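Across the two complexes that follow, subunit A remains constant while its partner is subunit B and subsequently subunit C.
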Partner chain A sequence: MALQTPTNEYEWSVELEKVGFVRRLLGARRWYGADWWLVAISAVMVLVFIILGLVPSLLAPYSPDVQVGPRFLAPGASPDLPVLVSLASSGITELGDLETSTGDPRPSVGVVRGVPTAQALNEQAQALNEQLAGTDKELRPRIVRFNSIDEALQAVADGTIAAAVVQSAEYEDLAENYPQVVEGKSVTGESAAAGGFLLGTNQIGQDVFSRLIWGTRIALLIGFSASIIALVLGVPLGLLAGFRGGKLDRLLSIIMDSLYAFPGLILAISITAVLGPSVLNVIVAIAVLYIPTYYRIVRGQTLSVKEELYVEAARSIGARSREILRKYIYPNVIPSVAIIFSVNVADAILTGAGLSFLGLGLPPNTADWGIDLARGQGFIQTAWWLITFPGIAIMLVVLAFTMMGEGLMEIFNPKLRER
Partner chain B sequence: MEDILYSVRNLNVRYATRSGDVHAVDDVSLDIRRGEILGLVGESGCGKSTFGKAIMRMMRTPGRIDGGELWFDGDDLMTYSKKQMQSVRGGEIGMVFQDPMTSLNPVQRVIEHLTETIRTHEPKVSELAAIARAEELVEKLGIRRERLDDYPHQLSGGMRQRVMISLALALRTKLVIADEPTTSLDVIVEAKFLDLLRELRDEFDLTILLITHNIGVVAEVADRVAVMYAGRMAEVGDVYGVFAEPKHPYTVGLLHSVPNIDLAAHDLYKMEGAPPNLLSPPSGCPFHPRCPRAMDICAVEVPQFREVIPGHATACWLYDQVEVAGG
Partner chain C sequence: MGSFRAHPRTTLPFTMSPLSLIFLIIGVPAFVGLAYIFVRGSTGLRRYILTRIALTLPMVFILASLVFFVLRVIPGDPVSSALGPKGSPETVARLREQLGLNDPLILQYARFLGSVVTLDFGNSLTGAHRPIVDEMSERFPATLELVIPAAILSLVLGIFGGAFAASRRKRTTDYSLRLYSVIIYSLPIFWLGLMLQLLFGVKLGWLPIAGRIDAIAGTTLHHITNIYSVDALLTGNWTALRSVLEHLVLPTLTLGLILSGVFVRLTRINVIETLQQDYIAAARARGIRERVVIYNHALKNAMIPVITLIGLQVAILLAGAVLTETVFSWPGMGRYLVERISSRDYTAVQSVITMFALFVALISLAVDIIYSLVDPRVRY
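The block that comes next holds the complex of A and B.
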């Protein structure tokens, strides 16, 4: 104490020894150096993915497996809606404005031949009419057909018809030619602004964004369950084989090595092909694939740890084999398991996506990234968004889990701590 | 008649290797008296560490005990079951290892080592009571109780070695086997450690088997000394007797090989040859190829290990009256 007191940093590290999990996590940068923000970012990413996977129904705007819009709508583009156009002075902005009292002359509404707007108009008008049944109001527009949108818009501008129903995209191209004509609401009731699809729609009119969010659930489910099953089976087997040695070790090692020697995806493909398509079967197939990874790492570590002097010392104080395994070998082996676990979750997600990309494993219309990739690859030149976003999602998940796993390992391994 | 705590009779230990059995401990008998510090010295590979492990029955494959009797406090440990042995280890006999840096579990706090030891042998003791006992014990050994919450890597080598001792003492063990406990410590820590050993012996009424290759350490603390060579006991005796008047030519050479400040560089004695390969030990006395006083009989027959003067035993033909007279 007579000497110079060392910097505060030292006191900090002493303090850290006594604090709990959360503060240790917060203090991670103390020993994680400049890379602490990598852990933070990846942790946030993992958290986001987990939230997405837990409550997709709250976050996804549409149902993932129903047609909700036009096909091949680019990200952010407005869908082509049948909109009502009329003279600005007429005050007609929606279908309801065309209601008339029974017996009054029917308003004429223009449509363009060969465009499905007439059908939409008829359906909507009929629906509204049914609501008006019993009142003295009715909605019976007289439909006038035109050969082109130009003719229809001209007729509106001239005042020969009360309004026209045209495709919004076509109208927008011509709008400046008819300054007196204004765009009203869509006749189907969808508004063009809210109906935009953030990441576009796919070839059967499903929302890519919603499918992406629902796909998180499947990806995480497969990734976590497969890795946990593989861990729960692989770690004890590895510990046992490494610790006991002998015939048991040789038998298990031969089984595991033959599993390991088999090309991974092919093994998973054959297992799912035999078991049939379901999420559970994919999980089982991937779990089988990763058991040898855990087994080999744990067995190798156990073999080296059991020769350590502290295991010998434990024996010299009369510790039983079970205790030595539990308190001396297992905690010294588990840090390496933690690293493989995080990498493994990422890997399992990747393998799961690969399986469904190949059309194996998951039922065909499941909202899954791999399935979306497979379906979208045929349209890569015309609809880039179909494969880009699922691809990015897979990449981000894999990155997040890998980064977080390694960061956590550095925090929790006391041997790595004070560097 | 002295009070014998541990009596080893004709102990044999073999290691199975690809090229045959290595006879690491060959027909060794040794008495450890209650309350003494017995130094066991010898070159590297002479079987002294194996001997230390064998008397705790801690041999693991490929090593095995191949006959012998281990009379500890009136019972033959060779007849004990695995479970009984576990309660003897740590409970009756403790061990301190060579390298304090690696003999503690790196992921366990120091206090957990101690409470675990106590509660393994006395499951009825509560966690709190065990902690209290542990704190009391380490304070006697000069470690502040705050340090007990540390992980082993935060302690210095000397402190770790004291922790190892406290582990060995946690249950009032009768015998502590210290296997080269000071080899990896610097001389100052070593001196303190040796002082500590003596104090503990007096305070806890301990018996210590000190295995070392450092003759100086033995001279410093031991009451008696046992010299091993090539798996056999060469000489056992009172430390003063052995150092002043070594009987076995190997002991003589060993003592002469200790560097001394008064010696000129070329005066330091270098023993001829190298320790024998225990896979194919020499016939007769294992030391005869290197022995400056070898006789014909040495290459033929193994000398008996016996007392040549009271309290001082050796295995050498030089002291066999019949042969000397006849030769």
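The block that comes next holds the complex of A and C.
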């Protein structure tokens, strides 16, 4: 039958009962409007994060564990490179252009005192000079030292020196004062435009953006594995307790309730403290926290489904317990478990990040958002980007999973619509 | 944490550890109140309270046992890891004997349960080897000082935000408040703390970002309860009070904002549900203004389920406190726990977690009893 927008709330909830899973999901857009779009958007976000987590190596521009640039580079800023500047008319753009025939007067190159460009210049010039050994050419620039970059640039502009090697960032600030001087290549051969660092670099010169992308993997790994373990343990226990009842139920319930009431993070802290830092131990610690969540939901659902007429009917025609569980109770319990699962992944990711922020969960150099935040905290006065972006990443992942869970809950459980 | 050693003793005529003082301040009125309710209440209420207390004991017992056994399966020896490479085999053996680690497990377990009952946890394994109770009487008040204002802030924000959202249902205000609660839920608490530090501490320079009090103001403060704001008020030390309050703003805001999201959500749902009741329609029919209907008639009844959830939020509050304390170098119980874990001081770790368990159990007991008073339908 055609899905029409029903006029009142009662009608649409009846309509919704009649259509299948997929149509319900697709058709729901008409009634849920904003909520449906919320689910759709969050599902796309979740998908993106899963892709990021699966193939970070393809998407991250740099390796997360090695120094790839200067330290503390602000987001979007180009790294400060020692570049060669010279008169536009001289045609000198790279170090190799300074080579001369042996015996000719050596070109003079200016550097600024107290800036590490001189060392870079010397090293590179020597390396190039060695390549020229045996030919009648040489590359041995005469280094002239200046007190400030202004003096050096002025000297280049006046033509008293052939070229100067200056820090690119400082040069960019002054470039317009010396229109006749042009920026050449970096003497170290690195190019400023090589990818750049979208979100800057951290205190050991790692690319923040790459670490963010690699962090997705560990966050999702922890979130999914912990929730799956908790589900695998919690659901059967809940079914058993709810279905059998009696002493077993009471014993299990009191244990689960105690666990549930206890601050999860503190429990996880003590478990990881005992087990030691590793990804597996974090997963185990977080899984333990969420067993009661599944247990409570499943037990509650089982208790209410058990009283339904159809279960009584099945029992009266001689269905065995196992059959009742499998055919009647299990299918009724699963949708709520699926919803909890989504919210649970979000929660587990938050807890995992909290653990690694405290320095308790993961080995210290893992590319993980919590660890990055903890390490960045020491540089709060100077490097805002170190503590800003990993937090946004955590928030987006958690938001995606939470919104998906909530949206699904509204679509599958229309009676709870206002909840 | 050098500033916590050797602080000036109080000029009070009696000597008492801050921890027991706090327990007295909270415990005596609580006990009197309970006794009053118990004597005046109906039979059903009395039975409920008794059952509830009886149920708290196994909860404490289970949590304490869990803590004991989890920490006991440590691979490796707690004593040698606490002493580090400096510990000679003789020292390790002596300390093991002293701590009773060579006794049968069941005896250790009994001794541990005894220590829970008497709240005497022995001395810390590392550092200054001070009695753990002493350390806790410095740390626990700090946590209270953070947690109580944060809880109040989150309740006020949450309840009024939730009622406001419900009154503007399906309008922009409602949607933005719902969005607020979802986003707040997804924020890592430590990151919110860092962002507040960055904004108000670093960029604007308005507020301090670490510790409980200025070093200078700290030397002038007399420690009575170790809840610094109370101490400053009691002794009339206004400079110290100002410094304490300045240090309190950001941690309280962090913890309070994070918790407020849940309360906005809960209150909103419950007010919306209550607004569909007949008595609300009747009130509206009588021409009572909508604001009065929502805030007087509906909110009161909508609060009943919210109260039960306060009990559950205590767990989130304490977990949040651990992270907030770490971000703000706040010397409370949570930070103590993390510090002790990194120095592998398992006696202290065990005691702190047990204290947390006790705290949670007592709060949820209190909340349930209050709930049974507010809603007479709840009885066993």
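Basically, the second predicted complex is superposed on the first by the 351 of 419 C-alpha atoms of A that agree within 3 Å, B and C clash if a C-alpha of one lies under 4 Å from a C-alpha of the other, contacts with A are read in each partner's own complex, and residues count from 1 in each chain.
Everything that follows uses one rule, which is that a residue touches a chain if its C-beta (ideal position, glycine included) is under 8 Å from a C-beta of that chain, and two chains touch if they have at least 3 such contacts.
Quick caveat: nothing in here was measured; it's all calculated off a predicted structure.
In the superposition on chain A, A:V398 makes contact with subunit C only, not with subunit B.
Applying the stated contact rule after C-alpha superposition, one finds that A:Y310 touches subunit B and leaves subunit C untouched.
For subunit A, the partner that touches more of its residues is C, with subunit B and subunit C as the two candidates.
In the superposed model, A:P331 lies in contact with subunit B only, and not with subunit C.
When the two structures are aligned on the shared chain, A:E130 is found in touch with neither subunit B nor subunit C.
Within the superposed three-chain model, A:S258 lies in touch with subunit C and out of touch with subunit B [touch as defined at top]. Using the contact criterion defined above for the overlaid structures, shared-chain residue A:F357 touches subunit C, although it does not reach subunit B. Of the two partner chains placed by superposition, only subunit B is touched by A:R320; subunit C is not. Residue overlap on subunit A between its contacts with subunit B in one complex and with subunit C in the other: absent. Every residue of subunit A that touches subunit B in the complex is listed here, in rising order: 17-18, 308-310, 312-320, 323, 327-328, 331-332, 414-415.
Against subunit C, in their complex, subunit A makes its touches with residues 34, 254-255, 257-259, 261-266, 269-271, 273-274, 276, 346, 350, 353-354, 357-360, 370, 373, 376-377, 380-381, 384, 387-388, 390-391, 394-395, 398-399, 402-403, 406, 418-419. Against subunit A, in their complex, subunit C makes its touches with residues 55, 58-59, 62-63, 66-67, 70-71, 73-75, 175, 182-183, 185-191, 194-195, 197-198, 201-202, 209, 269, 272-273, 311-312, 314-319, 322-323, 326-327, 334, 337-338, 341-342, 349, 353, 356-357, 360-361, 364.
In the complex of the two chains, the subunit B residues touching subunit A come out as 56, 58, 86-91, 94-95, 97-99, 102-108, 116-117, 120-121, 149-151, 153, 164, 167-168, 170.
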